[in-house]
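In the two complexes below, chain A is the common chain; its partner is chain B in one and chain C in the other.
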Partner chain A sequence: MSTFQEMAEAVISGNAKKVKEYAKQALAEGVSPQAIINDGLIAGMNVVGVRFKNNEVYVPEVLISARAMHAGMDVVKPLLSEAEVQDKGTIVVGTVKGDLHDIGKNLVRMMLEGAGYKVIDLGVDIAPDKFAQAVEEHRPQIVGLSALLTTTMVQMKNTIERLKDYPVKVMVGGAPVTQKFADEVGADAYASDAATAVEKAEQLMAS
Partner chain B sequence: MDRHQLVIDTLNKKERDVIPFHLDLSNSVRQRLIDYFGDPQFEDKVGNSLAQERNESFVDLGNYRERDMFGVVWNKEQEGDFGVVDNYLLTEPSLNNYTFPKPDEALIRQKCERLVHSHKDQFTMYIIGFSLFERAWTLRGMTDLLMDFLLNPAFVEELLDRIVEYNLAVMDIAMQYDIDCIFFGDDWGQQKGMIMGPGLWRQFLKPRLAKMFAKAKAKGLYVAQHSCGDVHEVFPDLIEMGLDIYNTFQPEIYDVEQMKREFGRDITFYGGISTQQLLPKASPEEVKAETRRLMTLLGKGGGYIVAPTHAIPNDVPTENILAFLEVVQHQ
Partner chain C sequence: MTLTSRERLILTLNHEEPDRVPLDLGATAQTGINASTLYQLRKALGLQSKPITVHEPAQILGVVDRDVMQALGVDVIGLWNPVNTVGVRNTDWKPWTMPDGTPTMMAGGMRLSVDDSGNTYLYPQGDASVSPSMKMPAEGYSFDNIDRGGDYDEDALNARRDFSEDFTVFDDDTARYLESESERLYETTSYGIVGNWAGGGFGDVFTLPAPWLTKVPHGIRKMEDWLTAHVLYQDYIRELFDMQSEIALKNLEIYRQAVGERIQVIWVSGTDFGTQNGPFFSPEIYRKLYKPFHKKLNDWIHKNTNWKIFYHSCGSVVSLLDDFVEAGVDILNPVQCSSAGMDPVMLKQKYGKTLVFWGGGVDTQRVLPFGTPEEVRAEVNQRLRIFAPGGGFVFNTIHNIVGGVPAENLTAMYDAVRENNA
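Moving on, here comes the complex of A and B:
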């Protein structure tokens, strides 16, 4: 059978077709869907995250890896039992009100998905009330806010304020955002890139 | 004072006691300053060293929607001058269902005439914005285009070639006029590193930029390039291609001193006054001090046009714009 190593390699090189084939093959050989996800697909995405952080690969490579990972997920997800669908945790992400930049936020979403989280992506230009609505509906453990403009960063503060009565942690990021700013607005975590966002999410889940 | 010569000198790395400057404004701030000065023509009077016209026009579709010259519809409901794309026209990695526009000759002539006749003592720049990567992604979508670099390289090559063809045709008309510079606008940078990385940039963008740069240089024009964000990795490439002016130069991204030391002999920096970390939140006194600091540091030996790093956005208080102006106007 194809090894998990090969499947992970196919994710890393962004070869969606191969990932799909390997996943089907592994299923036929009796490998559990959960193992395929954890030891093949997620393992591959983890490597991509580290390489992205180290500037060994760039946004295009991450995008095609995420696409390959999803191709594999599509094969195995329908076979997971109800209990197994219990994801690692749920995270709501969105770009704050007035801000339409979404490439960074999309990468964060993909890396979080690649790490096994269920991610609800609200899109761009999301008002505090909409974040609150999504929190009520999806009961996430974490909300991730993205802002790329100094003119919209202030919406992070408003959103955190709006979410303060919910049992949810808030993580922030985007070009102008700094740890100092994150502390000032009372965010629970800040990450400067998508791979670190995964690390921070793991820490928030554990705390 | 001859503002034109001032710019030429700085480009030739000849230090003068005055540093050329330019006040780049977003539309909303322009309106605010018109009200403040009570003068719709105030911009002509602030003393800008540069005169710029853009190769662009939009058709107003109502409901905050505008169509650009390539047929792309922009949603301008939110903060900002150009907004976001509503309709990506290339839904497949193919040009089969898309017809490229021809340059708008009347528009180019009108703008170039204005440049040469109304701005005699300024350094004149014709701006071709969205000049390559950005034009490609506004047609195809950023995520799809970035994946196409790896998955459909032949399509990307063709798309970029057609964009270059268009730009060269624009230049053919613009360069019939006695202008100083062609100014290309295209964002490749993010806060840290390049969106597509230096490898894909060299593979896909560099050879095409080189073609456009060479055309301007062959006619004796200067070449300026704008890119937001961090593109330090390709500075040696840009210099090798003969770039004269690099615009934005975000100080929160670059080690300004080191960049000046390393590349300052070859290139002129245009920008430096941060619209991200300085202008929105500093006090007017801090704006003045930082503007003076950068002018001293970057102006040394010529090679600097002092300006904000981007068209000044709406969160910058009027006092801070006046503080910037006070320093650059009273040198």
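Moving on, here comes the complex of A and C:
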């Protein structure tokens, strides 16, 4: 039988086909879907996150590993009943109003999913009201805001203002965003890269 | 003796210190200024109020007129290809108002539409019968590509077929235009001249979706798909670059015959290799996929001309600089000192003798848009002290001056440059 270690390795090397095979094989051998997710798929993405942060792997490898992880998720998730889905929490992410850039936001989404969170990705050019609607609908613990342009960073402030009455933490990130800016606009956390976004999410969940 | 702007540029390109630091504003599509901000800058300089001519519609870059160049002491001017980024000839200007109310003039052949939410769309070649290729969100200052091609079919990948319409050899009209326009700039001004040739941008995510083509583009066009292809489909990338470089070499020969030694700099590539934290992909992948093609074009240019070779790449590219130098890059832009590892002192010490830094003059992610005029001045002074000694520096902001930058920060920046040059 394949071990979790092999499944994790297949996620790390981005081999979607193998991940799928290992997941099916494990299910056939009676391994629980939740164990496959936690000890195989998520374990693999954790390694990818650390390597990405250390500049040992780069954006292409992360994207490919995330696809491989999803291939495994597609096999096991349908077998989980609603009650069995043990997401670590729900996070809504989106690029702020006026900004169409999403590669950074997508990497954050993949890393958060890879860490076991349920992520609702609203897409790009998302107005404060739309974030608020999504918070009401999905009841997330965290909202993640992304921006690339200096002309749209101000929308982070507007969005945080709009969300201030909801019981939700806000995390911000994007090329021009800094810890100082995050403090100024009243964000609960700032993440400088996708792997750090996972660390910050864990801290926010624990706080 | 006072040097002409062109002499000043040539000295600094040869790593000799001129009488003062040469200044660029608007000579390339990465060293320019958004029309909205240019309109405000003209006001702040006390120049005549008039609509701004937009020569590059995607980033809504304004033409920096001679009165602005004289007021600021700009030394460099751009030679542009006759057709813009959405495939429309830059002529027959007509009025267009930006979302923030700035009056501009757009090429007459452009077609734009606005939807109920206030998003503005651009149509390739001004053809509104096809789907738009670029979109600007409501209240925006620039356009981005629309994904028209959708997902690619991995069993039907053929780079030469997928990109068969993307690259074309310059026609006679273009060659004649480049010849007469370069003569006009060379004979009637004493500015240094950058030829915005733009044929060497291998894998530029701005041009991959081909916003100038009316036909829906096929193949790998989306940024994420393109990045994963660097690991999954290296042959596809190589095949694409092969085709592009074949046409590029033909166009370089036509360009050389048209403009001769009237340009001092050739703008070759605008592909971004860096993110805020590091390169998009590993230096090994750069060496394998890009470097041979960069070297091929750069070698041809160095062998056949005296032009200095200009490469633009945003982000942290410090781990690629040795390779850029080996590949024959002469000029690095925009020198994004705000990204990881791009320390100005280190860059000047390690690469100051081999690379000309064209940019790096002030941070544009925080200081220029959000800082005080005093902070702008302090940073400009510091950067000039680091980059100017010994030449090899052209002052410019880090990438274009975008919308929303306060005019008083711009005048503070140019005042600081002028005072340092006095």
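The rule is simple: the second predicted complex is superposed on the first by the 206 of 207 C-alpha atoms of A that agree within 3 Å, B and C clash if a C-alpha of one lies under 4 Å from a C-alpha of the other, contacts with A are read in each partner's own complex, and residues count from 1 in each chain.
Keep in mind that, in the parts below, a residue touches a chain if its C-beta (ideal position, glycine included) is under 8 Å from a C-beta of that chain, and two chains touch if they have at least 3 such contacts.
The structure displayed is predicted, hence computed values, not measured ones.
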Quiz item: Based on the superposition on chain A, does the combination of chain B and chain C result in a clash or a fit?
Solution: clash
Quiz prompt | Partner chain in contact with A:Y58 - chain B first, chain C second, else both or neither | solution = both
Quiz item: Touch check for A:D99: first (chain B), second (chain C), both, or neither?
Solution: both
Quiz prompt | Touching partner for A:T151 - first (chain B), second (chain C), both, neither | solution = both
Quiz prompt | Touching both chain B and chain C, residues of chain A | solution = 14, 55, 57-61, 63-64, 67, 98-100, 103-104, 106, 125, 149-151, 175-176, 192-193
Self-check item: List of chain A residues in touch with chain C within their complex
Solution: 14, 55, 57-61, 63-64, 67, 97-101, 103-104, 106, 125, 149-151, 175-176, 178, 181, 192-193
Exercise. Could you please specify the touching residues of chain C with respect to chain A in the complex?
Key: 135, 137-142, 144, 223-224, 227-232, 275-282, 285, 364-366, 369-370, 402-404
Quiz item: Along chain B, where are the residues that touch chain A in the complex?
Solution: 78-80, 83-84, 142-143, 146-147, 149-151, 190-197, 199-200, 229, 275-277, 280-281, 313-315
Quiz prompt | Complex contacts: residues of chain A adjacent to chain B | solution = 14, 55, 57-61, 63-64, 67, 98-100, 103-104, 106, 124-125, 149-152, 175-176, 192-193
